[in-house]
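What follows is a group of structures, each given as structure tokens.
Across the two complexes that follow, subunit A remains constant while its partner is subunit B and subsequently subunit C.
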Partner chain A sequence: MPNVQAIWRGVDRHLVSLGAAILVLALVLCVVAPGFASVTTLYDMALALLPLLILALGLMFVLLVAAIDLSITATVAMTSVIAASLITRNGGYLSGELGIVIAFVSFILVGALIGLANGAMAAYVRMPSFMATLGTYLLLGGAAVWYTSLHTSSSSIAGLPGAFSVVGRGSVGPFPIALLIAAAVTVLAWLLVNRTAFGRWLAAVGSGQEAARVAGVPVQFTILGAFVICGVCAGVASIILTARIETGSPVLASNMLLDVVGAAVIGGVSLYGGVGKIGGVILGVLLLTMLDVGLRLMGMSLFAVLTVKGLVIVLAAAIDGLRNRMARR
Partner chain B sequence: MIKQASPLLRMSGIKKSFDGVPVLKGIDLELAFGAVKGFVGGNGSGKSTTMNILGGVLKADAGRMELAGAPYDPAGPTDARTAGISFIHQELNLFPNLSVAENLSLEDYPRIGGQMGVIDWRAVRSRAGAALRSVGLSISPDVEVSSLTPGEQQLVEIAKALTADPKLIILDEPTTSLTSREIDRLFGIVRELRSRNIGIIYISHALADVREICDEIIVLREGVVTDEGDVHSMVTDRIVAGMVGRSLEQVFPRRRAPEARDTPPRLSVKGLSKRGTAKDIGFDIAPGEILGLCGLMGSGRTEVARMVFGLDGYDSGTVAVDGIPLRPRNPREAIKRGIAFLTEDRRVEGVHLQQSIVWNIPLVRLSKEGRALAWLDPSRLAAEASEIARRTNVKAASLEALVSTLSGGNQQKVVIAKWLTLSPSILILDEPTRGIDIGAKVEIYALIAELAEQGMSVLLISSENEELLGLSDRVVVLEQGEVREVIHRADDRFTEAGLTIASSAGGSGR
Partner chain C sequence: MVNRRNFTLGTLAAAVAGAAAGSWSLGALAQGGEGRVVALLFDSLQSPFWVSSNRILKQKIEEKGWSFLEAVSSLDDAKQFDQVKSMLSRNVDGIVIIQTDANAVIPAIREANAANVPMVHFMRPPAESDAKSITIVADNRTLAGDVANFVVEEARRLGGLKACVLVGDLGDANSIERRDGFLDVVSAHGDVVEVVSTIPTEWDPDKAFSGLTNALQANPDINCIFTPSDFLLPQIEQALKIAGKWVVRDEEGHVVLAGFDGDEGAYQRLRDGFLDVCGVQNLFLGVDLAIASFEQVWAGSEPEATQMARGFVIDYKNMAERETEMWGYHVLNG
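And then the complex of A and B:
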């Protein structure tokens, strides 16, 4: 007979309250937002949140080691234009099926390399990750535009082959391909965090770097790894986003940075490091997306929606601050 | 000593509870004019609560206090100060960025032209000069406090207390950061104050200091006065018995002499040198042996341990386990070779405070192989953790409890448990009982002895000579980064006095 109290103790209170908030929000939106409670809206919303989910999961790894990656959306844009330049029908370097396979690999590889650079600055040069990735954010943002200008006279690299863009809208049986990709990323992330030594190292480095070092945790490797994973996630998210608009864009995801950080923090990933759960991130992404979609359906302007979202994120960060203070006592 | 009709201070039947938990169960204390009273007891004995009541910080639930015959019932610390009680805290309350003179006048600057006038700097300086002379400190009043040694700062603090013309001074752990010469100076001033009829309550863990400077000693345990008497009758054994409720022999486990020394050493350190820190340090530890490392602050005790474990680098020398040198020199290599290291700073380097007990315990083992993708079975890890936590006797409501919610002693047991998951062959302990109450201390001592018995080699670093003497087979004495000598258990100098003399500068001792 399992002990009810023990089970209750094992339940994460943050996740429970987050789930309850989502439920309440859903009920309210069903009433006040016209058209929210329709299958099409919900289906569209579920598909729309997938890139955000992948990005927030990637960022979670970096937040776990008490760092931050502000260049994550710029990484999305950079991988987008590089891959697009490879396979665009308007003078791409590669063609055919092999070209498309290489393009997929390039998303991930370029993302990983950017993560490696960020990670090296944070782990080995010991720069504050805030500063290092703010730098790469600007650098990549500029470089992506410049790189695009080398390949086209327009502002983005269009003309991607249909065999590539099917990833954005296509399905395998009843399952959208994007959903399958996001599910795979989520499962891998969960396994990495909860079922490997690396997962413990992440939390160990994030919640006490000195204690981690004494315990033999490879601190620098762990920080580097977190950034590489974050970069790879940015590459994967970029595949879906690029395929959806069938264009490599140097400003892809540029308005998503706050949403990515916000979703993670709402999901209970601590900005102080060491704390974060996959389930929380999923709920955080869901809450933020529902808020966004619901408020728009209610007819609020883009700026009003931004204001509300900003408020919710600030609130979540405040709760994070309080939780951190309690835990340190 | 001048006798007066009523004592300087009389506390009778003082009781205090926090949240219904009695902390003081009726304390009686009497202090004569011009007497120095040692006030000792373990953590949680009620020492600081008693002093806080005396200092007006807390209010007693029951009991009476009299100061020089008149009823004394302070409403706050200011009342205590005006009544003539000065409390010199362990953490000094000086502003390091201000000058000595400014610190001495901080509470009421002398002014020219009334309350709102400009500060009279000449008066500030002359007042400071007089105060410094009263404690025999020949420094300029204009130097910044941060440039003084801890001992000088302590004296400035006393000088500051004296400007209020106190009748009673409470000194809380005044010698912890002082050199032996500074301690001598402090004691000289305490004797000076005594001759001026000022009463002194001297709180300290350092029993040798207490016995040297005090006239009488009073011992507290769990909110009760367990023993009291003049310094000649209160020998160390009796004080400890009063603090712990058992005698010194029972505090430290009985140690069996380790096997003959001709077995090859488990750990051998040769020619360990680092500029400014260590010079040609060498020692061996046999299997089952406990080697003590003794020395003053700054002698390189902790630094040596950190170098051996690979946390800090060194210029030359070798550290070998079972004859094979450690390479590369990093913590993970040390861990792989079976070295466990309980660092001095438990809260920062020993545990992850914000994580649970069951999370903390397996961490070292999960890092040992350095395989990032090593598969991890949480239920098996939890089972192993709870097994080891039982062995080290961690007391907690649940193993899911955050380490930050545990007492210092239990946190330390978590650290030990964490290292035992390695089944180490060498255990380095840096101040393993610092800030831990006497009950947990006794448990940790027993555990250390048991581990040595099982064949583990232990390097024990401690600033408490009593601890080194109680556990070690040999003690290496360090001075300014060099090995001065090695004292065996059988040696005549394997005593409190012997170690103190050997470790203090120049060997002259106090």
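And then the complex of A and C:
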């Protein structure tokens, strides 16, 4: 007979608790939120959470090294307008299938370059990451609007080809393309964190840079890499968001920052670095999205939804703070 | 004994219990209402025009014996797209939408088309596309032109004006039409009205305030301002006060002020002698047209795709006769 106590000791209690919380919330919403327990709603919810999941996974890498990237949503907007300007039917620089492929690459490349700049400021210039990325956030926010104004008299770049927009709503067999992209990002992130030396370096740097340096960890390279991965994730999320609204927008995802940080923190990624699991981030995203969709289905106003979500995020951050304090005792 | 494990489990259990209890009670409040259900999807409620639109739409819907569900996207196009899908999942019979971006709303219209649910764009038209919806729109260009005609008259009376033109968000067709309607007329009368400054506000009050403050410093001889929405009037008033130009009509230093919308702030300033003219949007007619459009679609007929809610110009000369037609008058006087 298996030793139940031994199994229980091996279980991540935070994930189990979070899973239980999600289960209870789902049961409650099935009863009180009209339409929540329908295949359409659950399908829509699963699709809606994918960009948030990719962004939260990206941010997890930066949080693991005890830094933060506040420019992640501005990176989404910047990649959106640059890629859209390449392929718009209203005077885009490129056309045809090759143009769309180049646009996909540009999402990733621009995201990576922004991540590289953020990482360089944090790792080599040794700027506090919140200050460096706050600056980048403002810079990118303005630059995205300016760049858009160079390409259209409107406030967004429309006329994206159907072959691109299909990423937002199309499917391969029974699987939505966006879901396949998110699944690929999740698997890659899991492999990076759990099966590579880089993953161990992330945890080591987040737990203490000096100790990591003494142990031979390339601290600066690790921080740089975390920011680049975060930028790439922003580019990938931007692909899905841009394709979904068929428009390159300089304000895309501008209201998502709290959700991204919140989902990661609810998922158990420590704001103090060194702690975080892919499974936790997935559950954090799921909990936050369920709250959002469920409360909206109940007819609650945006302000009430924001209040409830804010409370949950504050609670999660408080738990993180107290757990960190207890761990240090 | 309190350890990390018990602390985490206890806190999460308490959070879930609290959220469940809160959700339960709020859910009970959100229920109710029989017959047709209309979704009201606003992108923000930051100006009196949209707050009043929201209120009048709800009143009319309730008068019809229908019920409503509402959501505000906080200027987030992707979120509004999700809200449309949520409302369709809840089997609403019609959607009134005020989108942020004319282009980004097109996929949402397609979703509504696929679900066979009529969508009405209230006072903010979408970009042209193959997706089908109904647009209730003010005659922005004509109305802004009529406001400009009054400004030209005043310019002739006063011996010429130097104007500053505020512009809304360039992604909003209303902004562009109001700008073009005003500029079309004044540029044809360049002998009496000279536009010395144009300020893009993106519907952001802070940008309007800083832009106007800078313009007044760079061009101290500005003596006429056109705003494409009355919700920017408090910022204009503040900028003019700082410049020492907040002066009532017919007194030395008065700046001819032209507004658009017809909200309670505009009514108050018109009455007090600071605002000279205003293009009033016919909010009541717009709501009636939206309601009638739903009824036509549900009855199996096809309403016109674009319907004009014609507005009118109110100025200090005709104010006594027309003030009761101004929706801002009713907001201020209950």
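In this text, the second predicted complex is superposed on the first by the 325 of 329 C-alpha atoms of A that agree within 3 Å, B and C clash if a C-alpha of one lies under 4 Å from a C-alpha of the other, contacts with A are read in each partner's own complex, and residues count from 1 in each chain.
One rule holds for everything that comes next: a contact is a pair of C-beta atoms (placed from the backbone, for glycine too) under 8 Å apart; a residue touches a chain by one contact, two chains touch by 3 or more.
Everything numeric here is computed off the predicted structure, so don't read it as measured data.
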| request: After aligning the two structures on subunit A, examine subunit B and subunit C and state clash or fit. | output: fit
| Touching A:Val275 in the superposition: subunit B (first), subunit C (second), both, neither? | first
| message | Quick one: is A:Gly225 in contact with subunit B, with subunit C, with both, or with neither? Answer first, second, both or neither. | response | first
| Who does A:Glu246 touch here: subunit B (first), subunit C (second), both, or neither? | second
| In the combined three-chain arrangement, what's the angle at subunit A toward subunit B and subunit C (CA centres, steps of 10°)? | 130
| task | Quick one: classify A:Ala304 as touching subunit B (first), subunit C (second), both or neither. | result | second
| query | Thinking of the overlay built on chain A, is A:Gly216 touched by subunit B (first), by subunit C (second), by both, or by neither? | reply | first
| Among the partners subunit B and subunit C, which is in contact with a greater number of residues of subunit A? | C
| query | Regarding the shared-chain residue A:Ser171, is it in contact with subunit B (first), subunit C (second), both, or neither? | reply | neither
| query | After superposition on the shared chain, which partner residues are touched by A:Thr196: those of subunit B (first), subunit C (second), both, or neither? | reply | first
| said: After the superposition on A, what does A:Leu291 contact: first (subunit B), second (subunit C), both or neither? | reply: second
| remark: After fitting on chain A, the minimum C-alpha spacing between subunit B and subunit C in angstrom comes out at 13
| query | Which residues of subunit A are in contact with subunit B in one complex and with subunit C in the other? | reply | 327
| field | subunit A residues within the subunit B interface of the complex | value | 9-10, 194-201, 203-204, 207-208, 210-218, 221-222, 225, 274-275, 327-329
| query | In the complex of these two chains, what residues of subunit B are touching subunit A? | reply | 309, 311, 331-332, 334-335, 341, 343, 345, 348-355, 359, 362-364, 366-376, 378, 398, 400, 402, 404, 418
| query | Quick one: in the complex, what on subunit A touches subunit C? | reply | 13-14, 17-18, 20-21, 24-25, 28-29, 31-35, 38, 40-41, 44, 48, 51, 145, 149, 153-159, 165, 168-169, 241, 244-247, 249, 251-256, 291, 293-304, 308, 312, 315, 319, 322-323, 326-327
| remark: The answer for subunit C against subunit A in the complex is residues 3-5, 7-9, 11-13, 15-16, 19-20, 22-24, 26-28, 30-31, 69-79, 81-83, 85-86, 89-91, 100-104, 106-107, 127, 169-172, 176, 202
